[in-house]
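Once you scroll down, you'll see the structures, which are given as structure tokens.
In the two assemblies presented below, subunit A is common to both, partnered first by subunit B and then by subunit C.
Let's look at the complex of A and B:
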């Protein structure tokens, strides 16, 4: 579905990604874990087009999308949620979702079409309902607690009607209860709607519980891959990331 | 009793500068792209129309349309430059652009050099030359059309895309907005307004010279925008009114006019950063309360960016 081929991304002298090849399988949830600074967020941003790889290619449905910018990939159906929610002041929850509902309207003469139309807001409300934010449509997004802003990130991504959903630390800052609800939501999106999902998480149990397949990154390189059980048993992963305590526990 | 010529002149100038300030609001207020050289775009519009009509004898209508187009194209180029610049460098670059335009006007004969261009014709309809009140109506008619265009942009996806680019470029990209294209568009459209304002001022005065478009005029236009509220359509016109009329009211302070612009900007930025008619601004709330008192309250909740 989405494939990276030998991707490197350097920032000055820092090699955030170094020759990474991986693929997100259609209709599956792929987990990406690794310690801080392993290159997880960089990896998602390369997939979403926010970073151009220094080397290597990105393929989406066998099409080389490496030269495409983030807006073009969003229009193709590759949606990214940000680790720190994007909620500029004075935008309501509904307006931020509306912005994504209009993804096909930001070019040519369509740009001048009226945006506050009934069918547009119907779509906005349907998306908000899916993530349980209906009652917050009129609220200023930046005033919401972090847990709800994280849900809004997901709502905005879903409003793009994506084929691939890239989730960057979706549970960070959430209470255990909120994280559980979120995991249920992500599983539903995958099982009921067949969405292909990549999830970067610090919360290892959450990632392993959700994922069909996992990759472990370490210093910008792939350390291990496989089904969650296999990966967690991999001695290299235990040594580099999970720690001896995890192995014992 | 006819309205004295003096008031007609003031009203015409308020209309002309209202157009210029409205253009600046689109570039700077809506899309967040700093432009401290709007007078340069007025100059490009004024010179284009003046050369086409006074030197080549083309109709004034064509001159104004060409002025809009010329400013639009140069604005788009400025927009392309803006893509590569951070906000503070963009501010300096737009000032430099203003100086460059004025320099070219002064040193190239086609723009009349230091003598400027004179005998710029008035527009005429059916052999009747538009002067005094009729020119004022023409100016306000064009202003009305450009306000309608601005309203259209504000309520469209383009307006939302501008606001997203202003607030967060990553967020804008993530929802499918081509950030570079929107920056170019914001500059081009704002510059086009400036070009029309410049052409209207050229045909109004009949004579233009390079110094009419120097940097202090950009600051005057910026003062109008900030005073009225950078995100407000009505604010641009109110700002133009205040800046055009106040020197007339406070005539003894005329020599301190430029200082007053600076003081006005500082006062507004400190006490009413949204301007007088910007979103949630004090004057705007008062106005809305008064309108509500007369049963004229706007229906429903206002959406983002609908400052006008």
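Let's look at the complex of A and C:
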């Protein structure tokens, strides 16, 4: 569905990604884990078009989307949620989701049309209901507690009716209970709506519990890949996370 | 009473011209966080375009349209040629470029049209009427009405349309806007075209109101435009309008009441300081936009 071929991303002398090739399989949840500074967020931002790779190509449904910017990829159906929620301060929860409904609305003369009402708001409410935010529709988005802002990130992404959902540390800052609820929601989106999902997580049990397939990054390189259980038993992964002593067992 | 009405009408007309200039500045600042000093040069070019077209055609409407079109094009080009390549640089870099561009534009206009003011007498809806005992020229009311209409149109475009949603989202968080499918460069182009057209309109109205234009008429408004958007709150359309009106009224009324105490500009800045003491982010401003 979404494929990276030999992607490198350098920031000055820092190699955030170095020759990474991987693919997100259609209708599956792909987990991406790795210690701090492994390049996980950079990888998602390359997928979403926020960073152009220094080398390598990005393909979406076999189309080379490397030159496309984030707004073009969003229109194609690739939606990203941010690690730190980014609710613009003057938007209510409903308005922010409304702004994301309808991928084609920010084009040409359609932009001069009146702000959407009616059927668009029905869709806004359906999305808010989907993530459990219906009762917050009129609240100022930036004033919500962190856990709810994380859900709003998801709602904003879902409003685009994506085919690929890129989740950057969705459980960061959440209580264990909130994280469990979020995991249930992500699994639902995959199983009931067939969304292809990539999830970058520090919470390894959550990522392994959700993912069908996993990639492990370390210092910008692909260290390991496979089924979650297989990856967790890989001595190279154990060493990267816990040190050489644990790997030797 | 008649004297007060006269001063208020003058203040509203002058404030409307300030507002016209500040609307463009606030649209640009809201998106790029650049203090677009060159906007004052765009305003001067608009005024001289209006002068040329009026001299050639005698049509006030053609003159106003030409001022808006030439300024829109100039603002668009300034963004594409000078700001866009510098967006990744610290904000003082485009600010320096902006100041330099303003000076270049002033000097170019002075070299082409001469360093001295030119009479620009537009015959359009100009007659004296009696308003509550005061004799008021209708051109002052025309200036007020045109800028009010332009402000309402700009406000509607930036709040009531999908473009407005995109523009607001882009102004507050460009990356989030991109994830919504918003093409940021298009929004920036639009804001420059609209804001610069409003500067051209203000240039025309300056000539229409005062009957004279000068290559250096942008100098004062360059900093008064900044005062207005600070008063109104950075990035706010209605704030820019109200800020302009307040500045015009304070200057006019205080200068009339206390002509020998302080110069006109000093009253403007006293009003600014007084307001900022109570509302540090302006009338409609928010901390995030400053």
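Here is the rule we go by: the second predicted complex is superposed on the first by the 239 of 249 C-alpha atoms of A that agree within 3 Å, B and C clash if a C-alpha of one lies under 4 Å from a C-alpha of the other, contacts with A are read in each partner's own complex, and residues count from 1 in each chain.
Throughout what follows, a residue touches a chain if its C-beta (ideal position, glycine included) is under 8 Å from a C-beta of that chain, and two chains touch if they have at least 3 such contacts.
Just so it is clear, the model here is predicted, and its values are computed rather than measured.
Enquirer: Put the two structures on top of each other at subunit A: do subunit B and subunit C fit, or clash?
Expert: Superposition check on subunit A flags a clash between subunit B and subunit C.
Enquirer: Figure out whether A:156 sits in contact with subunit B (first) or subunit C (second), or with both, or with neither.
Expert: both
Enquirer: Given the touch rule stated above, what does A:80 touch, subunit B (first), subunit C (second), both, or neither?
Expert: both
Enquirer: Of the partners subunit B and subunit C, which touch A:50 in the superposed model: first, second, both, neither?
Expert: The answer is both, since A:50 touches subunit B and subunit C.
Enquirer: Once chain A of both complexes is superposed, is A:92 in touch with subunit B (first), subunit C (second), both, or neither?
Expert: first
Enquirer: Have a look at where A:71 lands relative to subunit B and subunit C in the superposition and call it first, second, both or neither.
Expert: Both: A:71 reaches subunit B and subunit C.
Enquirer: Please indicate which partner A:100 is in contact with in the superposed arrangement: first for subunit B, second for subunit C, both, or neither.
Expert: A:100: touches subunit B and subunit C.
Enquirer: Under the contact definition given at the top, report the residues of subunit A touching subunit B in one complex and subunit C in the other.
Expert: On subunit A, the overlap between the subunit B and subunit C contacts is residues 48, 50, 69-72, 74-75, 79-80, 82, 86, 88-91, 95, 98-100, 103, 105-106, 110-116, 156-157, 160.
Enquirer: Any idea which subunit C residues touch subunit A in the complex?
Expert: Spelled out, the residues of subunit C in touch with subunit A are 157, 160-166, 168-169, 172-173, 175-184, 286, 288.
Enquirer: Where on subunit A does subunit B make contact in their complex?
Expert: Per the stated touch rule, the residues are 48-50, 69-72, 74-75, 79-80, 82, 86, 88-92, 95-96, 98-100, 102-107, 110-116, 138, 156-157, 159-160.
Enquirer: Any idea which subunit B residues touch subunit A in the complex?
Expert: Residues 152-153, 155-161, 163-164, 167-168, 170-179, 181-182, 279, 301, 303-304 of subunit B touch subunit A in their complex.
Enquirer: Taking the complex as given, what residues does subunit A use to touch subunit C?
Expert: Those residues of subunit A that touch subunit C are 48, 50, 69-72, 74-75, 79-80, 82, 86-91, 95, 98-100, 103, 105-106, 110-116, 156-157, 160.
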